[in-house]
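After this come two complexes, each holding chain A, first together with chain B and then together with chain C.
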Partner chain A sequence: MSIENMYNPNLEFFVDMQRCIGCKACEMACAECETNGHESMIHVNYVDRATTIQTTVQVCMHCEDPVCANVCPADAISKDEFGIVHTANTERCIGCSNCVQACPFGVPKKVEEYDLMMKCTMCYDRTSIGKKPMCATVCPSGALFFGTREEIAEMRPNSTPVNTFIFGEEIVNTKVNIMMPKGSNELRIY
Partner chain B sequence: MVTILRTLNGKALLVAFAVTALLLALIFYGSRDLQNFDAALITYLFGTIFALFGVTYRYTVWIQRPPTWMYFKRGFQLFFNGRILYHFGFFLKKSVVNIGLQKFVYPRGKYRWLAHFLIAFGCMTAFAITLPLTFGWIHFTLAPGGIDIYEAHFFGFTVFNFKLGSLIAFMTFHALNWSSYMVIFGSLYFLRKRLTQPGLIATQNFESDLLPLILLIIISVTGLGLTYSYQFMKGFAFDFLAVLHAISVIIFLIWIPFGKFFHIIQRPAQIGAHIYREEGIKQGMAVCPHTGNQFDTQMHVNDLKEVTKELGFNFDKPDGTSHLDLSPEGKRSLLAKAHLEARLKGGNLFG
Partner chain C sequence: MAKLPVEVEKIIEQFGPSLNYPPKEGFPGRDEPDEVVKTHCCFCGMQCGIKLLVKNDKVVGFDPWMEFPFNEGRLCPKGVQRYLQNNHPDRLMDPIKSIPGKGFVTVSWEDAMSETVSEIKRIQNTYGNDAFAMLSGVSLTNEKSYLVGKFARVALKTKNLDYNGRLCMVSAGAGNKKAFGLDRGSNNYSDLEKAEVIIVAGANVSETFPTLTHWIWKARDRGAKLIVIDPRVIPLARTADLHLDVRPGTDSALYGAMLNYLVQHDMLDHDFIDNHTSGFEQTIESVKDYSLEWAEEVTGIDKEKIKLAAEWWGNANTSFLLHARGIEHHSKGVDNVLGCINLVLATGRIGKPYCGYATITGQGNGQGGREHGHKCDQLPGNRDIENPEHRKYIADVWGIKEEEMPGKGLSAYEIIEAIHRGEIKGLISICFNPLVSLPNSNYVREALEKLEYYVCIDFFLNETARHANIVLPGSLQEEEEGTTTSAEGRVIKINKAVNPPGNARTDTSIILELAERLGVKDKFTYENSEAIFNELRVASKGGTADYYGITYKRIVDEMGVFWPCPTEGHPGTPRLWEDRKFKTPDGKAHFNAVPYKLPGEITDEEYPVILTTGRVVSQYLSGTQTRRIGKLVNQYPEPLLEIHPDMASKFGIKQRELVKVSTRRGEAIFPANIVDTIRTDTVFIPYHWPGKKSANQLTPGTLDPISKIPEFKVSACKLEPLGEIAPASEMVKAYQST
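Moving on, here comes the complex of A and B:
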């Protein structure tokens, strides 16, 4: 069976940062991803450790018009027909960090010793055959969920998935959703 | 047809024609008005000329893209900023370490590095031997007055000689065979990796990832086959192997501008990125307003603001600063803060 037949477009990624408890189970699971070469790509950070214990979790949002791919001087980042923005092509990436600094979500990582950018590919080895990304299978608090819109609507009746983000003058639409108060249609960062 | 012509890049066409014309002139003069040109290699010559035209065209189109042009422009500005000798030394050092030895591959696995090094070294030596031969720049003759000394000539000038039957002669005459073995071993390693690793199987495709390896193996095996055919098999299937070898080499050459092999041409840009980074550090680092830590060179942040705008992205904030002033960690934190604020406004943290 070809990959095209096995990828399930009805399954989507839903992130709810306020549910993140900072356990880092997702980090460990992410390192099991075959497409990452067993490097953990997910980000778990304290937001402002001096004043709050709040942690935040960030996967690649797989933008509709990915800034990372646009600013790449080596044409190393591509988006496929399923909307997955792939990690840098190893033979092309020149390790310039344009994508690392231009991504509005702060996702790509520059691995200095490889002189290479790496990032989350939504566990393409798994999602391309109908499985869930590693992080979403282990998250104990529901901060990361991979499933259908119907499932998330049933689980979170008071929330709405949003995939439009406003960074100053820029509106960014993504494949990955963030769970927001019911009725929201965007998340304004500024 | 008209549509195709309209999509062509004028500047790139001009540069490609100029570079190709320069090569033709060098072939003419380097082969001493074609008297040293080997007509048996004419098909390879056409393949090489096409490859050069295509590579130059694609390279010129590529460097015109805003982010690439920014690096290209800055690279030249920084290289010639008064410390040319230092930068030249830096460039040479990085060329040996990054392009010659591909040191950055080693941390990803020593066998991976070895396999890549074998392919790269095999290909580079094969290019270094076959291209000057095809252009008629190198040719061999017997030294006058004897039948046991062979002389190598470059651009018509005698550069070295060796005794027939000596170790140097053996190594020189079989140089392409050593290249072939290197390429075969390296390619088999990567082919095995690509056929067995789930991560690679999920993301690769045949024409971009498997075909180049198969092509390298065909070129090397048929090349070796030519030697074995005339040395050990009384010329068995020599013509067939010669044609197969020529076809595979020409496919390889004309495909360089379009496929995976273009990275051979593109890769030296990595050295430019290193010079850019090093010079940027000297000019000053950017500090993230959220984390309070240095995260990148200020030159890079400023250049990215310009490049993103040129590409149609505007991350300017109402207060006159930019989202790009933040480090990646700062960006993630501000997103989480905005989300928390929205949740608090919604009256329920978890919904």
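Moving on, here comes the complex of A and C:
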């Protein structure tokens, strides 16, 4: 069966920060992938541990117009027909960190050991054969969910998925959705 | 004398804890496993379904098991990393013997077994059968738990058998037996889904039972109100509709005041109370003076918040109350549990869809393990070892005379005390690391050093095992077939993925051989694990925890079966009490009066601060397993003293400054982590670490008079900043602290 037949474009990635419990099951599971050399491509951090237990979970947002790819001088980062922005091509990446600096979400990490930019590919090896990404599979709280818009609408009537982010005058549309209070349609970052 | 044979550093060098990481390219063969084995996580009571990947008789990875109904592939970080034990360099591969001055040396199974049996006989002949005790644990399957119970009574012929569930669910078990006549969570977790109000009392769900978080959110998505009762803003409390930041040791005052409020405002189910309960009048009499103002004074919770909680609970049509060690680890743990049950009974919301009540059993097989007889007062099927009929029934199953059955023995901590007093001289342990997990660890160490002979069965040389004369290398959960019973009361199948490595053997074969050498082979011959389970089914038959209708085949076909299940045609019981026939002598649910009592230790001028203990998400209990898994250790490398900024400034404590924490038991030094997410009068230390990093150097051995659970959750301490910022966590190597 070809990849086109197995990859279901109706399945989307949804992130709900309020549900994140900071357990790092996603990081552990992501790092199990040998493609990443056992580095996690998803990152869980405390917002400010002194004042709150709140954590954030950051996965690649897979931008419609990925700035990481746009600023890459070596043309090492590509977006495929399904909207997945891929990790840097090993042979082309020059380890310059332009993408690391440019990403509005702080996603790409330069892994010094390999002199390579690495980031989430939404588990292309899994999603291309009809499985959920590993992080969204194991997440024990539903902070990460992979499924259809209809499913999430049914499951979470109080939230709505948002994939438009406004940074100053820059509008960034992404493949990955953030769950926000019902009625929201964009997230403006000040 | 069960002292360390050489310096502890040398033992650690040889046996760990050392940290296991997967190779960067993954374990060889992970992509093309020989076998993918559907089984369960070895850690907490959720018993999440998981698939283990096996290559060349080694566990090389995991895969989510999407079809198992409780967790549908979801896991916590411990579950993701649980596969790193079978292939761990610290695994004990041969029996070892402690030789003073030389350390632990490899010996043959023959020598290890014959020495052990001759020492058991020597001690029992010299001091009596009960001078040889056994300590067990509920990471063991139902089959092993049952076998341990039978082994202690029939082969060792000792009354002194108890288990690490004594540190876990015993307050809940005792409370449930008083109120319902049966010890099991009344509902499975699917009843959370449409609960209108959920109370989570003293249960750090998101760190200790992370996969249960999903079920709570399912209800919240439908509008459920979540009330979290905890001295800290735990991850689940951060977004809760109401967080009641209770002062440690005062929980029963809160429940008493809430009950009084329900009574005063007639938020009661009179029909249920009148027809299906007893003890209501005495119970409400005991709380009639417990006003909101009084409760605010005692518990430190704003009275408006208590009132709101009572109103939400009182007005709900459906609800679920969950609790765990936070309210159970007290010298009045049973009182706290009964206080919760009173709230459930007063509103009649039990035995109906989406009306639930349950303790969240902590250990992997905490539920099943405690039902089948390695509790000092219990026989299989949740039978009472002091009840003549129960004794007779089990004696018949075991092929012994009723009078040969030992009586009620000492509980776990009492066994340590009896060793200390010199009454118990010999010990066999399996699956228990009391030097880390019991309170007042200096006292526990002294006791271990007084033993004439100590033999330990374990897969790693844990801190307690270092005191053993002989260590017999046993098996992990995934190295032997069996069953466990999850916190929901669901009996599930543990499948063998691999053989124990090297010359290690299955726990079962070790126990069976010891029994044979002790002269009772005729009573300990089983073809396989299923044969043990089939005997357990018969032994449980007619008891409250009746497994008779559960077979291995049914468990697999039905993805688990909920007990009680008395016949093979019975569907199992996911929800108890639908028939309103409670298992108490009068068939009614019992209210129990809970007059408020002080905790065992209260703060004073010398020890002005409340100390409470608990867990972190990346570690499990005494850390025998999880302090050997690299990424889990890195996630939370050392215990920190959580302290509120107000208290920190009062004592002049800076972030990450080393602080000496002292109680009447001892002192220990921890880096401060100054956070707003804890009460201003309370400090918190997680307890998973050994030696000088052990929080249990500080905790008291005060026991609940009924359940005998130690009061881990309340100590009075003093704090002394040492004027020195702590070294980086990675430098400290707390996972192998001595």
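Note that in this section the second predicted complex is superposed on the first by the 186 of 190 C-alpha atoms of A that agree within 3 Å, B and C clash if a C-alpha of one lies under 4 Å from a C-alpha of the other, contacts with A are read in each partner's own complex, and residues count from 1 in each chain.
Keep this in mind: a residue touches a chain if its C-beta (ideal position, glycine included) is under 8 Å from a C-beta of that chain, and two chains touch if they have at least 3 such contacts.
All of these numbers come straight from a predicted model, not from anything done at the bench.
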So if we stack both complexes on chain A, do chain B and chain C clash, or do they fit?
fit
Looking at chain A, does chain C or chain B touch more of its residues?
B
Applying the touch criterion given at the start, work out whether A:Glu34 contacts chain B, chain C, both or neither, answering first, second, both or neither.
both
After the superposition on A, what does A:Arg156 contact: first (chain B), second (chain C), both or neither?
both
Where does A:Gln54 make contact in the superposed view: on chain B (first), on chain C (second), on both, or on neither?
both
Please indicate which partner A:Cys23 is in contact with in the superposed arrangement: first for chain B, second for chain C, both, or neither.
second
After the superposition on A, what does A:Thr137 contact: first (chain B), second (chain C), both or neither?
second
Quick one: the Cα-centre angle at chain A between chain B and chain C, nearest 10 degrees, please.
120
First, second, both or neither for A:Asn70, with chain B first and chain C second:
first
Superposed on chain A, how close does chain B come to chain C by Cα atoms? Whole Å, please.
6
Common interface residues of chain A - those touching chain B in one complex and chain C in the other
18-19, 34, 37, 54, 156, 158
Which stretch or stretches of chain B touch chain A in the complex?
62, 65, 67-68, 70-71, 98, 104-105, 107-108, 197-199, 201-203, 260, 263, 266-267, 269-270, 272-273, 276, 296, 300-301, 304, 307-308, 311, 313-318, 322-324, 326-340, 342-343, 345-351
Chain A residues touching chain C in their complex are 18-19, 21-25, 27-29, 31-32, 34, 37-38, 49-55, 132, 134, 137-142, 155-158
Spell out the residues on chain C that touch chain A in their complex, using ranges where they run on.
21-26, 30-31, 61-62, 64, 66, 71, 73-77, 79-81, 206-207, 210-214, 217-218, 221-223, 233-239, 617-618, 631, 635, 645, 655, 673-677
Considering the complex alone, what residue numbers of chain A touch chain B?
3, 16-19, 33-37, 43, 45, 47-48, 54, 56, 58, 67, 70-75, 86, 91-92, 94-98, 100-109, 113-116, 121, 124-125, 128-129, 156, 158-159, 165, 167-170, 178-182, 184, 187-190
